[in-house]
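Heads up, the next two complexes both have chain A, just with different partners, chain B and then chain C.
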Partner chain A sequence: MNMYLYELRMNRKSAFIWMAALAGIAGLFMSMYPTFAEGAEQFKEVLRTMPEEVLQALGLQIDSMATLLGFYSYLFLYVLLCGAIQAIHLGASIVSKETREKTADFLLAKPVTRSKIIGMKALAALTILLITNVVYFGAAALIAETVQRESFSYSAFVLINLSLLFTQLIFLAVGFAAAMLLPRLRTVLPMSLGVVFAFFMLSAVGATTGDSKLRYLTPFQYFDRAYIVQHKEYELEFVVTGVIVIAVCALITVIRYLKRDVHVS
Partner chain B sequence: MNLFWRELKASRKSLIIWIIGIVAMVGAGMGKFASLSGSGEAMVELMADLPKPLQAVLGLNGLDISTVMGYYGMFYLYLVIMGAVHASMLGANALAKEERDKTAEFLLAKPISRMTILLTKLSSVVVQMVIFNAVMTVSSIAFAAPYADGGASAVTSDILRLMLGTLLIQLLFASVGMAIAAAGRNPKRAGAWSAGVMLLTFFLSIAIDIREGIEALRFLTPFQYFAAPDVLNEGLSAAFIVLSIGVTLAAIAVTIAAYRRRDMQV
Partner chain C sequence: MPVIELNGLTKTYGGARGITDLSFTVEEGEIFGFIGPNGAGKSTTIRTMLGLIYPTGGSAKIFGKDCLQHGTEIKKEIGYLPSEVFYYDNMKVKDLLQYSASFYKKDSRKRMRELAERMELDLNKRIDDLSLGNKKKVGIVQGLLHEPRLIILDEPTSGLDPLMQQRFFELLEEENRKGATILFSSHILSEVQRLCSRVAIIKEGRLIALEKMSELKGSTYKKFKLAAKSDVDASAFGIPGVMEWKSEGGEVSFLFKGDINEILRRIAGLELENLWVEEPDLEEIFMHYYESREGAGA
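Coming up: the complex of A and B.
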């Protein structure tokens, strides 16, 4: 319990900064929604003249962009981007902190098993992400209520926001595993940013070219928001993919953490 | 000179990983162009008519993605981001790592001035960014050429121009990262601050793309200095070249002033 509370305390400040950043992005972008929606009628005129297959090829229900959920779906990509950085950075730094800061001998000399240590660290990371999501959801709902012009589907809104949590869990697990597979990692941030932006770029390339197989490669595409808005549910195959990624990463982490050599000098 | 090689050697591994990542990304990205170029004509017409915010959503901003260079311009932004991530981390860590890894005493006890240390580290950072940039340039040309009508010669000049812009942005972020590390109090936080500045300017850039009427803010974010549509249509903007070099020099000046009098944490 001590370890759990200690980890929470150590990460408190950065968690607050991330919450502010996530809510700030949602606020910044949503503040543009009213002007965006005003121009929407003209957009729709232009769009009606386009052949359907062209719109399909773009992989976007452009018509829905003018609605609050449509616009929110778009900006949410950047919320996900930030959330992913937070999660992978949290995951990689929380399990590698002792080896990086040379306090591993101190921690491992305590009368607790390694499995307990890793369990507590994982629990602390999950708690932080959960709190982040609750705070973000509150802020996003408040912002959406403020700028809405006509009522929107609340269940789709909730599902979209929940996908932040799931995407963060995936990146958290990836962060854990990356820290285990790169034992000599001295700074976590470059790795975190590099991995997240690489996935982000894959996602952008996939979205522009409308490639469906590429979607499995990048967690940013596991929860397609256009699909959520339309069907009010997630796509099962991608949920399963996400769960598999988390399970594999968690397995790697536990196995490595319990057995690895820790250099203390 | 020893210090210079030591610096390069220390970051050799991470540079190699970055290079592999960049080449793979350019390869994968341009590979997708093959599947796209089939559905050409209708696309071109659509793109021209799309309103600005929608083009921003698709990452187009006036680019015709049915052409090689238009498509390349679409994902060029992500290459710039990768360059910016690398540069801001490298710049901040180059100075901060000595204090963080508790090697500052060892280094500062050597019979070389802080100025020499700083300039050597700066030049090693510059060399790494030039290598990074060269790899991006060569792989871009290599992967884009097969799709261009005129082969490599058709895309080379455009790509060289875009990559020159990228190099200026890399230098800017690296020097800002160094300034943050030199002037900031906590060496462990230098990387985070540097990344924060980078992400903030990135989001500002997206906001400028979506919202019409705030173009005046473009000078605040390097991601807007050499945006692909502008570079491809009009070449590099002289004003932004001067601005980026100016910011870089100012950041280096701050770095020098701060690092020489820095109270090292040992």
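Coming up: the complex of A and C.
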């Protein structure tokens, strides 16, 4: 319990900043929604002059853009991007903290098993992401209520927002595994940004070419918001893919964390 | 009962540094010196005992229990001071010590204040504002806080000024009187000389000697230094037992182990200005150990 509380305390400041950033993005975009919806027809005309590929890469769907959920789906891509960076950064830094700051000799000489250490770290990271999502959802719901012009499907809204949590869980696990596979990792941020933007670009490319196989390769495409709005559910095969990714990464992390030699260098 | 038992402990890192077939035991209540130059494998041995790295061969037991299987249980009774002290920077000394104490089921607040006072450590400072010596003090308090039965110190004195070193040694002697066993790793032999009852000497990952301090220092070796009026003929002293022959600016020094009369008869043949006969310090014996083993090994 002491380790769990310690990790929470150490990470709380950055968690608050991320919560504010995520809510800020939603607030900023959604504040434009009323204006956008009023002049929707003109906007659509402008958008129709743009090449189809560009629209797809940006995740724009002209027909649904004017609805609240359509507009929200579009901005949500950037919320996901930020959320992914938060999650992978949190994951990689929380498990590599002792080797980066050379405090392994402190923690691992204490009467705790390594499995308890990694367990508590994972639990702390999960708690932080959960709180982030609760706060974000509260903020997003409030904003949506404020700017709505006609009623929207609340269950689709919830499902879209829940996909932030699931995407973050995937990136958290990727962050854990990355830190374990790169034992000499000194600074976490470049790695985090690199991985996230690689997946993000892949996602944009996948959307443009419409290659359905590519969708499996990037977590940004696991929860298609157009599909969610239409069917009020997730696509099972991608949920399963996400769970597999998490399981594999978690397995790598646990095995490496328990078995590795911890060096001071 | 042996507190530490190493049995053929081996750790290889694909060829380079490591330890090879290390075996020795440390008895309860001992202050045991563990000496060797930097990179000899002292930290590797200690960190293997603590489960930070896994051995590739052999085993280590502490309190009669295997270090790998019963690590958590064993570590409840161990206080460890790492050679390089690094602590979570963005914490106050007090918070770090409390965090450390929270791993042991003991109330250590009173003892924390006492130890900090004796080591003149300011509990309200932030760790990243501390000098190396003060960080070392944090490490010392952290290691002794929960009154461990086994204290493992890896190069504990670097960065401490002589006064603090003195206090630290007194503290260790007190803990030892209360029953704690101490493993003291160092490359500075004079430290070990003062505190330890037995020493293990390690070089390039191998144990090269395991001796009682009294025997190592002991009566068998004498250090001779003479200032002669004329040049000293080295060949006249070419008898077994003479080592470390050094001739410098009319002064000759050497170590001798053997019949003292034999060597005195030879010295009597010289016209002397001055003569010193001393107990050699550990440093010299140590160097001699190294050199002679190297010679024998080649």
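By definition in this document, the second predicted complex is superposed on the first by the 243 of 265 C-alpha atoms of A that agree within 3 Å, B and C clash if a C-alpha of one lies under 4 Å from a C-alpha of the other, contacts with A are read in each partner's own complex, and residues count from 1 in each chain.
Everything that follows uses one rule, which is that a contact is a pair of C-beta atoms (placed from the backbone, for glycine too) under 8 Å apart; a residue touches a chain by one contact, two chains touch by 3 or more.
Owing to the predicted nature of the structure, the values given are computational and were not obtained by experimental measurement.
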| item | value |
| --- | --- |
| Which superposed partner A:V262 touches (first chain B, second chain C, both, neither) | second |
| Partner chain(s) touched by A:M32 [first = chain B, second = chain C, both, neither] | first |
| Which of chain B and chain C A:K110 touches, first, second, both or neither | second |
| Contacts of A:V248 with chain B and chain C, given as first, second, both or neither | neither |
| Chain B versus chain C, judged by how many residues of chain A each one touches | B |
| Which of chain B and chain C A:V240 touches, first, second, both or neither | neither |
| Touching residues on chain B, where the partner in the complex is chain A | 14, 17-18, 21, 25, 28-29, 32-33, 35-36, 39, 42-43, 46, 49-51, 53-54, 57-59, 65, 74-75, 78, 81-82, 85-86, 89-90, 93, 97, 100-101, 191-192, 195, 199, 203, 206-207, 210-211 |
| Chain A residues within the chain B interface of the complex | 14, 25, 28-29, 32, 35-36, 39, 42-43, 46, 49-51, 53-54, 57-58, 60, 62, 65, 74, 78, 82, 85, 186-187, 189-190, 193-194, 197-198, 200-202, 204-209, 211, 214 |
| Chain A-facing residues of chain C, complex | 43, 47, 50-54, 71-76, 78, 80, 82, 84, 86-90, 99-100, 102-104, 142 |
| Residue ranges of chain A in contact with chain C within the complex | 2, 6, 10, 101-106, 108-113, 259, 261-264 |
